[in-house]
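Here come two complexes built around chain A, the first alongside chain B, the second alongside chain C.
Moving on, here comes the complex of A and B:
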């Protein structure tokens, strides 16, 4: 009886949030699904039902396939680098040294910066005429003349990944730092007195504490990276020669620039599906890991 | 005492109603402009303030976005039920806007005085299918700017009149070691690249569309891309051009790092201003060159118009504002960054004084303005072409293959 009342209470308290979620997420999602089976245009008359045409057209188009591989490339490289660098920085900031608190505070700055500001800053840094990146590399003797980093397909993607990395590794570092602080000191001390070297201490003592929180970071960052739009839109607009056009940019162009709301919606759903698959894989891995340690 | 309080509160209530009544009588208009090239944001704010002074019951909220956001912002706000009363739009959008009822047809509001006074080329900016969808406001094309001092140093006496001559002059300047990359263009993956390309297409007598089908993979339109690729590969063009927009071109040119640049009207007075520019006083301007036996000069129609959105609740006030902004007086007063649409302004000393060279270039350039194709699929075609141009520049495919691929992706077939 009491538990019934408790359930009712919980639902009552959740009700306002549920209403808002249905209004701002549920309805647009259902409408997107409906749109994806029509040839509706963004402005003008309502379209007709076209079945799976939008989906087959999108999946078989070269633009989609290219954007998909670009998105995967961006996601894989940037998330891997963010995790590696984030963990290393987290470990560094877990050491005791003078000025540690200030450094920990400063770490959050790039992450707290709006992406638009970050992207604009990096555009200036990469500027082929007066950018700081060129100046630094030239002074160091790595390049012999200023380069157009965002103007070459080979370097544009790496330049974007570096800008994204700079903004997002702090999140991973903070999560890693919090996890590292939960490693009991006596286990560390025991490992040292048992003669375990640095790598083995990391692998068998520290890593088990890190894996869970890091998985959360990986899931969050993968989903975010897969949806990437703003940083690329500002820095290259998908260029040069569409070499940095990701799926989100393709959706934007399809739905808003070309005004094909129907096929834009189908593309958005394909992305949602891909992200869901990724999320499910991660959750499975996390569960199996949790089961393994238990 | 009590009655005094009552009286005071009654008066206060009455006053509140009066004030809110006055506020209700005031019409609020939302207008969307761009913060890039042509009239500066400061100019547009100043013009608008003058209009508000003359029309105290109308208040105008101005919003500025980069050119790249102008089309999408307009269409999106329309899709979401409106928001803007007056929008600035590019010459390439009326077909699409008309088909999707984004703008109001104002054909019956255009007076005879407007029809006879405004340059015929300007009207192409706002008309589609025999109807007018607003008033032309910015009359613009790409001009060839040159650094007089650099040309003199290289022993070149006059600005080039053909693209072949431009190439030869640029080679001389490069060989003399005056500047490493003599020519700067805006070839970033954006509409800016299409404007430069169209200028060359007009010089080579090419076509974008023939009989409703893309025709840019052959003839003059192919020659135009060949010229761009040749200029890029021969080191005469600044290789960073492929990530430049107009403002980057202006920066390079006014920093003294280019001898030639293709850009809009607004660059003339800014690059000639010693406070803004290292090459102030040395900037020359002519109509973009032609091709021997085909054209005397070349030009792209880069004009823009002001229109009323179909969702506006105050179309009359919006029209008053547009008429004011496009009036000859306002345009003459602010003719430093954008030239007027009115024919007689070009002989008015108030407009021509101090910028005689620009006016002379405009007389030729504006007469040669070549349109980008009027098609509801413009955005898609443009994006496909931008990709094609960049692929050819980056040597990812030959100009012919790149343009053929663009034709396939253009949404026109």
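Moving on, here comes the complex of A and C:
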């Protein structure tokens, strides 16, 4: 009896949150699914049921295929660079040097800078006529004339990734540092006295402590990168010649610029599904790693 | 670590200097752009250091004279503060009881797991129905409507943080209160909340910053000074016909100040908060 009343109380405490979640997440998600089978316009009359038409149209369109590979490219390159540079900086911070605390504090700055401000800042830095990037590279003799970094399809994606990398590697570095500090010193010392070289020490002594936390960082960063919208919208709006148009930008254009709510919804569901698949794969890998090292 | 050779120590210091420069250079440049004259900014070769420091753009953006650039900027600043405050307060009001309930009763933990999983959803998956709901309710282009939408991000996030913060608070205190005849709400208010103040404060700041940074929903659901937030105002400046790059940089500095200030001030708590999830996972 008492336990029944207690359960009731607990659910009462959860109720406001659950109601709000249903209103702003649950119901819209279900409605997105319903819309994806219709040809509803964003504004105006209710659409009609069109079955799987939106999905087949989207999946077979060149725009979708291109946006999908652009998104994969952005995700793979930026997350890989963030993890590699983040771990290297984390290892650096685990050494003794003057100003270590200050440098660790500095890593907070790019993370704290709003994404929109970061994107705007880099857009100014890459400016083809007055940007600091051109001026600095010219001064260093790396280029001999100003380039339109965001205006050429060959360089726009790398320029975007660099801006994203600058903002996000510090978080990975902080996570890596925290993990490195959990490696017991005597294990490290034992490996050194056993004559293990630097590579073997990293692989067998340090890496097992890093893998778990890093996997969490990889999963979070991958999901974020796959959803990317802000930084690209502000720096290139998906251009030039659609070379940086990722899936989220494509949904925005389909559903809001062209007001095709139905096909936009189907596209959004395809992205959601892709993210879910990615997350499940990562969790599998993470579990098998955890099983392997214990 | 024990016997560092001299060469290694020099290498470490050089790399640390490099990392510091990579982090600071873009930030410093944002500030320098905001105080450089247009002549300095458009000079070739570029003047990396201004002849005179000119802070007049800050006055320009923060003035409220009619139809000025400043009027629109200040309006968006107030909208950002309004939306972020409303969304944060509601998120905490529903997150505190839910986080506590989930912390004390593993049996309802799964529902919180479901809530946290919504983090994976891309905002585009909810944006079309949210637009239609707001349009029907007449809440498009209002700060209230946007704050409501922000709950979809802030509520799961702060509940999860709060639950993690409630976990280490001993249950004995609640039992003692129950034996003394306190009702559930009294226990929560008198016993738990004072102890949980640090985690509540952290959640409040995190949630506020999350709303402060948000761009996608604000871009979709606001259209003019009545509700446009700071992030949208800056995107307008950056993408529009403004030829004064210094002014865009100034807007950026002003928008970055609150989160950067908080970041520096709360460094320790932030670092442990950011990395804890990772290390435990």
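Just so it is clear, the second predicted complex is superposed on the first by the 279 of 294 C-alpha atoms of A that agree within 3 Å, B and C clash if a C-alpha of one lies under 4 Å from a C-alpha of the other, contacts with A are read in each partner's own complex, and residues count from 1 in each chain.
By our rule, contacts are C-beta pairs under 8 Å (C-beta built on N, C-alpha and C of every residue); 3 or more make two chains touch, one makes a residue touch a chain.
Predicted model only: the values in this text are computed from it and were never measured.
Undergrad: Of the partners chain B and chain C, which touch A:237 in the superposed model: first, second, both, neither?
TA: Touch status of A:237: both partners.
Undergrad: Looking at A:43 after the superposition, I want to know if it touches chain B, chain C, both of them or none. Which is it: first, second, both, neither?
TA: Touch partners of A:43: chain B and chain C.
Undergrad: Looking at the overlay, does A:97 come into contact with chain B only (first), chain C only (second), both, or neither?
TA: Second partner only, chain C.
Undergrad: Touch test for A:258: chain B only (first), chain C only (second), both, or neither?
TA: first
Undergrad: After lining up the shared chain so the two structures overlap, which partner does A:175 touch, if you call chain B first and chain C second: first, second, both or neither?
TA: second
Undergrad: Identify which of chain B and chain C touches the larger number of residues of chain A.
TA: Answer, by number of touched residues of chain A: C.
Undergrad: Once the structures are superposed on A, label A:150 by its partner contacts, choosing first (chain B), second (chain C), both or neither.
TA: first
Undergrad: Applying the touch criterion given at the start, work out whether A:128 contacts chain B, chain C, both or neither, answering first, second, both or neither.
TA: first
Undergrad: Which chain A residues lie in the overlap of the chain B contact set and the chain C contact set?
TA: Common to the two interfaces on chain A: residues 42-43, 129, 237, 256, 261.
Undergrad: Tell me, which parts of chain B touch chain A in their complex?
TA: Going by the criterion above, the answer is residues 68, 71-72, 75-76, 78-79, 96, 99-102, 188-190, 239-240, 242-243, 248, 251-252, 255, 257, 377, 379-380, 383, 386-387, 390-391, 394, 396, 409, 411.
Undergrad: Flag every residue of chain C that touches chain A in the complex, lowest number first.
TA: Interface residues on the chain C side: 1-2, 4, 9, 12-13, 15-16, 19-20, 22-24, 26-27, 29-30, 33, 41-42, 44-46, 48, 90, 93-95, 97-98, 100-102, 104-105, 107-108, 111, 115, 118-133, 135, 148-149, 151-152, 155-156, 159, 184, 209, 212-213, 215-216, 219-220, 231, 234-235, 237-239, 245, 248-249, 251-252, 255-256, 259-260, 262-264, 267, 270-271, 274-279, 281.
Undergrad: Which residues of chain A touch chain C in their complex?
TA: 7, 9-11, 13-14, 16-18, 20-21, 24-25, 27-29, 31-32, 35, 42-43, 89, 92, 95-100, 102-117, 119-125, 127, 129-130, 132, 135, 138-139, 166, 170-171, 174-175, 177-179, 182, 185, 188-189, 212-217, 223, 226-227, 229-230, 233-234, 237, 248, 251-252, 255-256, 261, 264-265, 267-269, 271-272, 275-276, 279
Undergrad: Once bound in the complex, which stretches of chain A touch chain B?
TA: Interface residues on the chain A side: 41-44, 63, 128-129, 148, 150-153, 236-242, 253, 256-259, 261.
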